[in-house]
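We call the chains A, B, C, D and E, going by the order they appear; numbering starts again at 1 in every chain.
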Amino acid sequence: MSPAILLLLAFGLGLVGWLAARSRAWAFRAKTPDARLHSLPSFHAWYVALWIAVPALVFALVWNAVSPALITAHVLADPAAAALPGFGFEREAMLAQARAVAEGKAFGVFMPEAEGLIAPYRVALARYESIGLIVTILVALAGGAFAFLRLKPDFTARTRVERAVMSLLLIASLVAILTTAGIIISLVFETVRFFGMVSPIDFLFGTHWAPDPMSTGAVDGKQFGAIPLFWGTIYIGAIIAMLVAIPLGLMSAIYLTQYASSTVRKVIKPLLEILAGVPTVVYGYFAALTVAPAVRDFAQGIGISSASTESAVAAGLVMGVMIIPFVSSMADDSIAAVPDALRDGSLAMGATRAETIRKVLVPAALPGIVAGIMLAVSRAIGETMIVVMAAGASANLTANPFQSMTTVTFQIVAMLTGEGSFDHPATLSAFALGMVLFLVTLALNFIALRVVKRYREAYE
Amino acid sequence: GCGGADSGSRDQVRAVGSSTVYPFAKAVAEQLAKSDPSIKSPIIESTGTGAGMKLFCAGVGPQHPDIADASRRMKKSEFDECVANGVKDITEIQVGLDGVAFAEAKGGANLALTPEDIYKALAKNPYGKPNTAKTWADVNPALPADPILVYGPPSTSGTRDALKELILAKGCDANPEMKALKDSDKKKHDDVCTQVREDGIYVDAGENDNLIVQKIEANPKAIGIFGFSYVESNADRIKGLTMSGITPTYETISNFSYPGARPLYIYVKKAHLKAIPGLQAYVTQWSKLWGKDGTLAKLGMVVAPDAVLAESAKAVTTMPSLDGSQLK
Amino acid sequence: MNAPLPLNDAPAEAAAQISTLPDDGPAKISARNVSVFYGAKRAIDDVSIDVPNDYVTAFIGPSGCGKSTFLRSLNRMNDTIANARVEGEILIDGQDIYRSGMDVVQLRARVGMVFQKPNPFPKSIYENIAYGPRIHGLTTSKNELDGIVETSLQRAGLWDEVKDRLTDSGTALSGGQQQRLCIARAIAVDPEVILMDEPCSALDPIATARIEELIDELRGRYAIVIVTHSMQQAARVSQRTAFFHMGKIVEYGTTSDIFTNPREERTKDYITGRYG
Amino acid sequence: MNAPLPLNDAPAEAAAQISTLPDDGPAKISARNVSVFYGAKRAIDDVSIDVPNDYVTAFIGPSGCGKSTFLRSLNRMNDTIANARVEGEILIDGQDIYRSGMDVVQLRARVGMVFQKPNPFPKSIYENIAYGPRIHGLTTSKNELDGIVETSLQRAGLWDEVKDRLTDSGTALSGGQQQRLCIARAIAVDPEVILMDEPCSALDPIATARIEELIDELRGRYAIVIVTHSMQQAARVSQRTAFFHMGKIVEYGTTSDIFTNPREERTKDYITGRYG
Amino acid sequence: MDTLTSSSADTLAAQRRARMAARLARRHTGDRLFKLAGLGAVAFSALVLVFLLVSMASSGLAGFQRSELRFDLPLRGQLSIDRDRLGQPDPASALELAGLPAMVDAAAEKGLGQGGAALLADGAWRDVAAQIAAKPALLDEPSLSLSLPATDELAAAQRGDGPEALRPVAQRLVQDGKLVRAFDWGFLARSDATSPQAVGIWGALKGSIMTMLVTIVLAFPVGVLAALYLEEYAPRNRWTDLIEISINNLAAVPSIIFGLLGLAVFLAIFPHYRSAPLIGGMTLALMTMPVIVISGRNAIKAVPPSIRDAALAMGASPVQVVFHHVLPLALPGILTGTIIGMARALGETAPLLMIGMRAFVASPPGDLTSPATVLPVQIFLWSDEIDRGFIERTSAAIVVLLVFLLLMNGLAIYLRNRFEKRW
């Protein structure tokens, strides 16, 4: 039975119940014109409709899950099924093909053996479909009758319906916690497995990163020193990118909030937001094709012969540009949150605008700006495509920005799409790196949110 | 759609694995769909050999791929996992060769290298001593005194594996002491022979070979290490370097006189052969295209020697099961 | 003017009227035919007034009548509002502050301002006071600066309360202390005029009384203009009062005259609480 | 109470005092020992008062003394403030509105409220008025609803001004009209009590006068409680006045008594503008 | 104060005034420079954006073209084929049987000179077959002028790279007007292929659309409901804090981590759906949901409390307040945030690499569960192709992606401006 039919059925019956309950509620009113109903007729209607649709849907869901097994059992009892091979994929494939044909989803079978199963499938499908349909209707009717009989003029339908709505809202907000749990679960097992092979000390404090996914035999923990990755991540994401993004973002925010006319602001702000909206794969392409060669030529032009095409600067510059809008919009918010009274106070002292901004507004907005920068950093160190396309793979522990460097995200992609076998520590290291990344962004965000909160409170 | 998602079958072939095999597997899929419109074009995913094996070996059923493309042979451990998950019958088919080729920009210095030179230039500890070579002349006085700068594949790629096994280990074993070490202390031998230096002279260049081409074009003194197909298709910009006097060409690679050839495989899950429409046809399509004048050769794949081809062609029809005990 | 004006619109003759008292000597500030617009909206309509040097002048009037607007036009703080525009002349010591070469930075150093809500900078008390002298480069040594800070705080009657905690944040003070800090901050650059816009409306009665005393102490040293919505306060602290209504000055005179003997019907209505 | 209370703290005996006038007949609202807390802060301190049915009762007092807080506790609008907590009893027609079975939805339909800032819904004028009758299911037909809308607007004195544009947005009206719309909206669900929190403080004098008239017209039909910071307004519109100070009712009486003959020193000080 | 100190105070004041005046010019210059720096920062960002867009667009436009060979195919009376057969499924096979490929090759040899057939892209005759199938009347025309795709090599030779031997051939054909760069509408209708001459973007675009569909259907309701709960009802307690922290954190968790989540959780639960838009959409929904929640909360916060008070005071229940007043007023803001979140999801690559959406898929996905790829991943895959013909195609794909993003951003800006707080 297709889920769509069941859905329609549940909603259809729900609608009927809705209408019936509403007219009953109106009838209460008509009988006792003076007495106010506790709840509006429409709440009575929703109450009944929910009692019809929800149990019916729940049953339909369960039925959808169990009926295929019942149908298969029915088909297997058929003599035609005796010819099927024993357990295995071929047998299942035959059943599936016959079923697809019986359901009208396919026109013919690919395996001739399946031909004979089509007819039994048709029979079984028809039978279980009608059973499902009937029971669904019964469940709906039972729910509806229960709810309908409870309706009275002073029935608290509204309270009950609203309670249902509130549960829905609560469930929706729990999705976030589930997601967080999902992330932790999906990282933690492999991470633990990895640390069973490589000591966390070697991993977190080692300065040599050269895991060999193809190696066999004993694992050499000394190859898994992730410091060069952390360094590359910080150097590209938190240093070079921020050297670009902080001054540009901050000055943009200052210009937009303090100097620009409202029309200019209206045009420029969305433009900046576009900069944040350009997909990172486009930035990556741009970085690899345009910026990186230009940077290398520039570096070689000034005599740095070791300049690599996949330089940290190229990735960092482009990433910085991408981050500008984050910094500027957070700075914008926090500067705007500084009460005008402070600005006026400073201007009235005879300060110029620049002095007012530098000495009063920016210091006052500093916590918010810092928080914005932290969020931007967390975004930069989690950025993947730009580094995958432009930063290179060498785990160099160097301060030379024209050298190639690699980052945590790059290594995650490389290890998970590489040639090593899946249970090799090199591959598993991707999960450990993911865990570190997750924890670091968690920490950055946590601190940033704390800072912002405290600072908002200071002005509210 | 997948047709019968909850259980049952799939109506499209699914192959995963090596990025080296990927372009060839794509081409075969495309040809198959053109030649037989009743077959849906197979889905080819470039996951890398290891991840591909992991997916392939996860089990039998429509949710698991039918084919694993590999730029190296299946490992024993992988085979064991396959068996543990019920993937007992696997057919191994060698579809061709890939050469690890050294190349420089057109107009470069025309270095004439040997595996030994390369080993001495790139190993971390050549013959057990730290590598101090800065110019090619340091390695071999016959070579020019140009600085050594080699762009090569990262450790996660199959090409790097091939580099280690086919060139570095070979150069290393030229020294009898090392050869002896191989028998006495395998681990130490591997360390000494296959570890690549990390002082910036060998540059991990990521998976994007286009970028390596650009880089060695920009720096004529630098050398790049590629899959041979890349050298072929960029013949207007770069040229292959001779190795022990032999230029990398189709011939020299396919007869293994150029020391950088490695086999490319596809692994077929036999349990799927009957159940997945188009699987047999897809495998057969490989055999139609892997010949000397076939599409794959045009795309840069090195055709395997005739004997191998004959055996592979036989495997396509008979689908022999792989014997795990042959694997390492 | 003898006849009471109609409530809605002021006749043309009112425009010609200059609010000035002949006994007051030369005016510190003279506004002539000043109108202030917010976009198309006229918030101040052709106001002319002379503000004396030695007295405290109070602006009173119902909410929205333009008191703050007019006050802010006296040190060109209206410049900071994007769509605000000032017409007419405002002379301080005879010089038009809206003339083209006028340097607002210097002007505002000469005309200090205290706002409705105390707005100390979120810096230390010391830095709050030192801010003005620093940006204007008034001092050449730390000693001199310390001196200015101390004198200013003393004049604002705050020194004894804060001398032991000059490094505490200015925002940690009580509301009344904050407002005195703001007055001290204004004094620190040695202004000639101090404008105050409802300086006590956010304060409790005790703090209010303290500020009112302070205003009285400062009188004579600075020309002081204070906007207030409390008629009692105007009566207590000012010697001259201007009653604003709908962007115009309805009546101007000595404070005692305005409160005991208003000439205009509207003034009387306002003072007796008929509206506002 | 005869002796003037000290400014800072109220002695225990004040707690026992019930503000009520013996001539007023049965009270519409009786508060008994009501205290309201925001977290640990006590904003209303043990207040007991009887609000009569047929008069307008004004709450006056300096800013922050708890007028709004007390007013909002009369229709349990304080429930919406997370950390607000009410102690004591508030009876409307003898029934405790804080008892456990009380349905706040119905309570608020009986006790309407008008706020300081006019807050029409951003919907059409018609929908603004029709909203209450709709959610309470007061009508069964469109006609009946139309009737309610018209009567409510008429009672609020707004019908003539808006009858031709009932579909215009309520927010497009002038401030005074908006406030009358809000009053009409409150009337539409046929409440018994109307609470008004400084309903004119955002309005100009003319609109204020209009609302004051309206309040006078509504008197007798609804029990009306109005919070105002303008003593003149209290004097004009109310018949009973309670003077709040620091969370307590300092004095309660007929409006004329309070304004002409306050018993308490603090009341007198406030009325003569010594603080606030 | 006695006269003496008073006069010394006067000199002091005069001194200070002099110092102030001396500094003025410098301060004003500083002010102007500061403003200029701000302007410079804004201008820089704008310039980068313009440069990015222009450079992508200019090289992308070339990617909408392909090299085509032009020659005539004599038709009337040449093909013996039953016209009815053309109306049935797979007319191409019928035409192939009737000998169309050989005819095309022969015509190419004739029209383009010796070896002309080899210059045609593999299967170029299929274009002809499609034309004929669409319009059988063509069979009565004396001849049909064709414009068929050239091989990748010839295309490369026309660009001036590729095999040396072909370059003169290409030059000659270009001079004769037989080899042209023609606008390739098919690029918007075809799917991935191995040859840059034959690729199209429709497969990836359709994959993107399907993925976004799943994302919005999941993320929007959950996001809005969660935002309502947190902003309007959530009690202040540990659980709420936990939810809030989770959401704020999820909004900043690197997208690749969501990829790992999709890999470890969704693909473990639904192993059949590797590479499917359904899984991609679910993964991206988890990523987008927090963005919607956060912007939704801001929009809800922006609804003035006075509206809530008004409704509550009328006797509306909290649920009625929210659904009658708050939600309708906040909706434009929520939509704006949603669109921006969706735009971000549309451009997302890394997480999809992890869940198998990087496959070669030669036909557009049929439904939500069939294997697919999406625009950004297609860009990533093409950027990695050996054949340099893909460089332009990649740029063209970027242009398609950017157009979509700009449209979405434009819509968001429009919504924001149109509904910006009007109460």
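Here is the rule we use: a contact is a pair of C-beta atoms (placed from the backbone, for glycine too) under 8 Å apart; a residue touches a chain by one contact, two chains touch by 3 or more.
Heads up on the chains, UniProt names are A = Phosphate transport system permease protein; C, D = Phosphate transport system ATP-binding protein; E = Phosphate transport system permease protein PstA.
Since the structure is predicted, the reported quantities are computational estimates derived from the model, not experimental observations.
By the document's definition of touch, common neighbours of chain A and chain E comprise B, C, D.
Across every pairing of chains, the maximum count of C-beta contacts belongs to A-E. Centroids of chain B and chain C (each the mean of its C-alpha atoms) stand 84 Å apart.
If each chain is reduced to the centroid of its CA atoms, chain C and chain E end up 58 Å from each other.
If you average the CA atoms of chain C and of chain D, the two centres end up 36 Å from each other. Across the assembly, chain C contributes residues 105-106, 109, 135-136 that each touch 2 or more other chains.
Multi-chain contact residues of chain A, defined as those touching 2 or more other chains: 158, 288, 352, 355, 388-389, 416-417. In chain E, the residues that reach two or more other chains under the touch definition are 27-28, 317, 383. Contact between chains, as defined at the top, is found for A-B, A-C, A-D, A-E, B-E, C-D, C-E, D-E.
Chain contact summary for the complex, chain B toward chain A: residues 3-4, 6-9, 11, 18-19, 46-51, 53-54, 60-62, 71-72, 75, 77-78, 81, 154-158, 160-161, 164, 186-187, 190, 195, 198, 200, 203-208, 211, 214-215, 218, 271-272, 274-277, 328. Across the complex, chain C meets chain D through its residues 62, 64, 204-205, 208, 230-233, 272-276. Within the complex formed with chain A, the chain E residues making contact are 27-28, 30-31, 33-35, 37-42, 44-46, 48-49, 52, 55-56, 221-223, 225-226, 228-230, 233-234, 242-243, 245-250, 252-258, 260-261, 263-265, 286, 289-290, 293, 317-319, 340, 343-344, 346-350, 353-354, 376-377, 379-380, 383, 391, 394, 398, 401-402, 405-406, 408-409, 413, 417.
Listed in rising order, the residues of chain E touching chain D in the complex are 236, 304, 306-317, 320, 324-325, 329, 422-423. Chain B contributes residues 1-2, 5-6, 10, 12, 14, 16, 22-23, 25-27, 29-30, 33-34, 37, 40-41, 43-47, 55, 58, 62-64, 207-210, 229-230, 233-237, 299-300 to its touches with chain E in the complex.
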